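I have a structure here, written as structure tokens, and I will follow up with some questions on it.
The chains carry the letters A, B, C and D, assigned in the order they are written, with residues numbered from 1 in each.
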Amino acid sequence: MNPPSPHAACASADAPSEVDLASLPPALGIGCRFEFEAVAPTHAVVMVEPHESERGRVLDERFAASGVSISTTYSDGFGNRCRRMTLPAGRSAFTYRATISNDAGFDVDDVDAHELPVGDLPDHTLTFLLPSRYCPSDELATVAFDEFGTMAPGWQRVDAIAGWVHAHLGFAYGSSSPTKTAADALRDRTGVCRDFAHLMVTMCRAVNIPARYAVGYLPDIAVPDPGTPMDFCAWTEVFLADRWYTFDPRNHGQRRIGRTVIGRGRDAADVAMTTTFGAVRLVGMTVTAEGVDGADG
Amino acid sequence: MNPPSPHAACASADAPSEVDLASLPPALGIGCRFEFEAVAPTHAVVMVEPHESERGRVLDERFAASGVSISTTYSDGFGNRCRRMTLPAGRSAFTYRATISNDAGFDVDDVDAHELPVGDLPDHTLTFLLPSRYCPSDELATVAFDEFGTMAPGWQRVDAIAGWVHAHLGFAYGSSSPTKTAADALRDRTGVCRDFAHLMVTMCRAVNIPARYAVGYLPDIAVPDPGTPMDFCAWTEVFLADRWYTFDPRNHGQRRIGRTVIGRGRDAADVAMTTTFGAVRLVGMTVTAEGVDGADG
Amino acid sequence: MNPPSPHAACASADAPSEVDLASLPPALGIGCRFEFEAVAPTHAVVMVEPHESERGRVLDERFAASGVSISTTYSDGFGNRCRRMTLPAGRSAFTYRATISNDAGFDVDDVDAHELPVGDLPDHTLTFLLPSRYCPSDELATVAFDEFGTMAPGWQRVDAIAGWVHAHLGFAYGSSSPTKTAADALRDRTGVCRDFAHLMVTMCRAVNIPARYAVGYLPDIAVPDPGTPMDFCAWTEVFLADRWYTFDPRNHGQRRIGRTVIGRGRDAADVAMTTTFGAVRLVGMTVTAEGVDGADG
Amino acid sequence: MNPPSPHAACASADAPSEVDLASLPPALGIGCRFEFEAVAPTHAVVMVEPHESERGRVLDERFAASGVSISTTYSDGFGNRCRRMTLPAGRSAFTYRATISNDAGFDVDDVDAHELPVGDLPDHTLTFLLPSRYCPSDELATVAFDEFGTMAPGWQRVDAIAGWVHAHLGFAYGSSSPTKTAADALRDRTGVCRDFAHLMVTMCRAVNIPARYAVGYLPDIAVPDPGTPMDFCAWTEVFLADRWYTFDPRNHGQRRIGRTVIGRGRDAADVAMTTTFGAVRLVGMTVTAEGVDGADG
């Protein structure tokens, strides 16, 4: 097992009071398996590996694809690791497994983090103020102003947005779709974690707070067992003071540990787990994210 | 002037306490003028005359159309008086003027009016429980259940819906469009009286209360001068106990006198003021609705 | 068995040349069975019986509902027979069975039927020129004008619309949804018979031809076995000359016999087979429409 | 005047046969002026200067903003030059003027340029295969397959897409809106150059051809005077063989000279001319793009 990293120390200091720190696993086992059925060889781009910014946490990893001879990776404009491969006709599958340090700490609660006037925001954050496909902050501008426009800027306002999203959407499996926007979710009052994240991103941008969409692995550590199969999770990152902070409107009220970012972008359009350029059916998917003993992950 | 009708007596008894009844005008002068520009002779259907249910209040009336030789009327499935005519090429205009008794009373506030279980509703009300083009009560069902689903049934719940619509939409000229639905209005948080009425209708239907859309003349009597040109008004009618009651979410908190219904339907699609079957431009419109001395109106 | 009706004679004369008239069944057995699961007693409106205009063809019929003590019927504004009942909590079912004369003839092909100028249309047809929820003829007006605006008016134009709809939409089970409009279907190029009918209605209205939506029983007589379970069918009725004609864009190119109208309206919103006012799940549905020996149907 | 650049030579060789090459201006004067009215100081991002890839063509340039003390520039992820500034309360304006070499040549017509299988496309092009806000290639996938799916791949197919877009949309000022997608444009059959470009991008992506949106200055050289005020133009770039080619579905059939790219992206969301983070009204805009004598621009 690795010695505790500075991150882990910070995490400990920051842990919710009720958590027994000694019980936290030193490492995480993450991964997934996708199975496809294709009518012809079909090119695909796969995004399931930790984001470039998370590479330092990876202890070991393995990507294996049955029936796929070659795969190459590249990093897209958001630092997401994209893997290209050509799926063969018929059945095929790929598996990704990694052991990573559980040293990113609990979600940070920094009530002193302040909002910046737009003019003081770093250049790289500005794209995260614009409307995007699933986050039409222009269409929901009046809702956002009505609800949050007159609140004092800062962490509390952002947290109020997370709470409002949590209160206004009901979580329901099967309630999302590939074309569902944050405006649709608010109309339906229903969604999955993707929709919660989109709605929070949208509200933040509409009041000029940079916000981006993140997707990754999130183990159920120090929280009640949800009793449902593990899946990828989506959440929101918000730029306050001088950094991006994690907010999770789906799990608002919980501080989580073990998040591992796979992809970041303006919204889900930028971080599809798999993109296939042809007639391919996804016939199976499993996701793993759990605490493990790091030494032999 | 006519002797007071039973309606008028009822109205007096029912008037808001601050209103000086002696000052109420005995009659109303209502009417409108539309001007068109057509590239070719074009058939039109016009709905600007009082609804069949209001005919008893009409003291005198006149419909005049320049350049239009013949017009005929019929009553549609909702009892709306529809007038057919063929507009000539070039400029044309029509004018409608009527004097009607101001005897329909103030909007009624009947806190004891109860909701009926769907099974007890009269047959004729059931169509007003269904979604319609501008009132997609299926799409907004979850919003309605979240907001009103657990309230005690009855007048207070319906009034709460009117208040909620009033609070959630901002009135703005030019914010509507021919395709704007109640779901769009809620997303924008903006609309005109048509949108307020649609959203109220939608919320009521979604919790199984029959609601319909009404449009008509509404004079500014016993209310502050709005300082804007008179226009047609749209409001909502809701079936409680054994009758339809008027609710006006745009003017929630005001009890009004002088409403004169032109048209009723599931939503605005059923009660267009003018429908033209060809390339016609509306180049001018004025609306009148004011208290007058009934004798010579 | 009944003697041949005048209708049947007419039908024979009109039959496609390749059909062996002697083989046509004298009567039809139609019906359906719906099964529900409700969490509480829930009111429902059911529309599965022949339309008022078809009552003369009914030889015998029976409506039976398990666990439902009382049902009443009424006729809505379109002449559709609506049956009201309260479904009990838990499982329930209703069954409708009828034998009707197969005397309505083949779909009529009347190439001389002419379009009427809007000004000459009967009053009762005008509502079928307006946009409706699923038939937004205003939104698709430019498409309609581009494709059909300059064609010579008359039967051939209407038939061209049917053919265009047939060519532009692919039939796919599961491709529709309760909120799918004709504009959505055209964007997806996909739908079920409901969507085909909606798109044809929309195109017709946009070029000022009255069109309505019809749903009913349609046996597979004198056509190849489609190899799929029988379902309700939707088609289009268009007003030409002095009557409504049947067009079936889903089955364009086939002239069918045995259509039995259940409901007519502006679009599917007016003719839902079942409308339930509460938490009810449809757990099963079967439809029957087949030729039978009329005597003992 | 500059000596002819290699680009210009190439352009000459490539010019449409009817063009008198001697008459082509050696340089272009491009620029714009925007006027704003703000209620409070408001941050803005402005994208009106030539794209990084065009910087070598700039002979001289000047950006001037009244009432704006400081502006800084950065290059976004697409190489677009973005200028940040804070608009003062009240009226303000900025002006950009540049002289650039007219050496980019006529739009290239390369009928031998072939499509690449997705697996052979360079990594950097893959993002331009994905749906984006205004280019929902997933929603229009069936349209694209129906129309272009079985055509032979290559330049001719892409040109057929440009022609199809040109034929299916009517150009109309005022027919676009900030939320109008390619699917909306196809439903309306109407748009401005932005919508033409979006629809072409969408169709290309749906059949797996990388396509991006470009906006820039386009002088009316060697084409009839359109008789309307100069504006920014939007067009499409498509990746074939080993490079991006310009297609202009709005002006399909014309080969143009003098295009100067300002911005590129997935769609118009990435290349807004001005983005203002507050209550700012655009009160005036003029655009210049014309041939000039390069020496003293």
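Basically, a residue touches a chain if its C-beta (ideal position, glycine included) is under 8 Å from a C-beta of that chain, and two chains touch if they have at least 3 such contacts.
The structure displayed is predicted, hence computed values, not measured ones.
S.K.: Could you run down the chains that neighbour subunit B and subunit C together?
M.R.: none
S.K.: Which is it for copies subunit C and subunit D: same residues on both faces, with over half shared, or different residues?
M.R.: Both copies, subunit C as well as subunit D, present the same residues to each other, with over half of the numbers appearing on both sides.
S.K.: Could you work out how far the Cα centre of subunit C sits from that of subunit D, in whole Å?
M.R.: Those two chain centres are 49 Å apart.
S.K.: Please compute the C-alpha centroid of subunit A, do the same for subunit D, then give the distance between them in whole Å.
M.R.: 34
S.K.: Could you check subunit C for residues that touch two or more other chains and list them?
M.R.: Only 139 qualify.
S.K.: Going by the touch definition at the top, which pairs of chains touch each other?
M.R.: A-B, A-D, B-C, C-D
S.K.: Mind pulling up the subunit C residues that touch subunit D in the complex?
M.R.: 139-140, 142-143, 146, 168, 170, 183, 186-190
S.K.: State the interface residues of subunit A toward subunit D in the complex, per the touch definition above.
M.R.: It is residues 43, 45, 74, 76-77, 82, 84, 86, 117-119, 123, 126-127, 129-133, 136, 138-139, 178-179, 208, 269, 272, 275, 277-278 of subunit A that touch subunit D.
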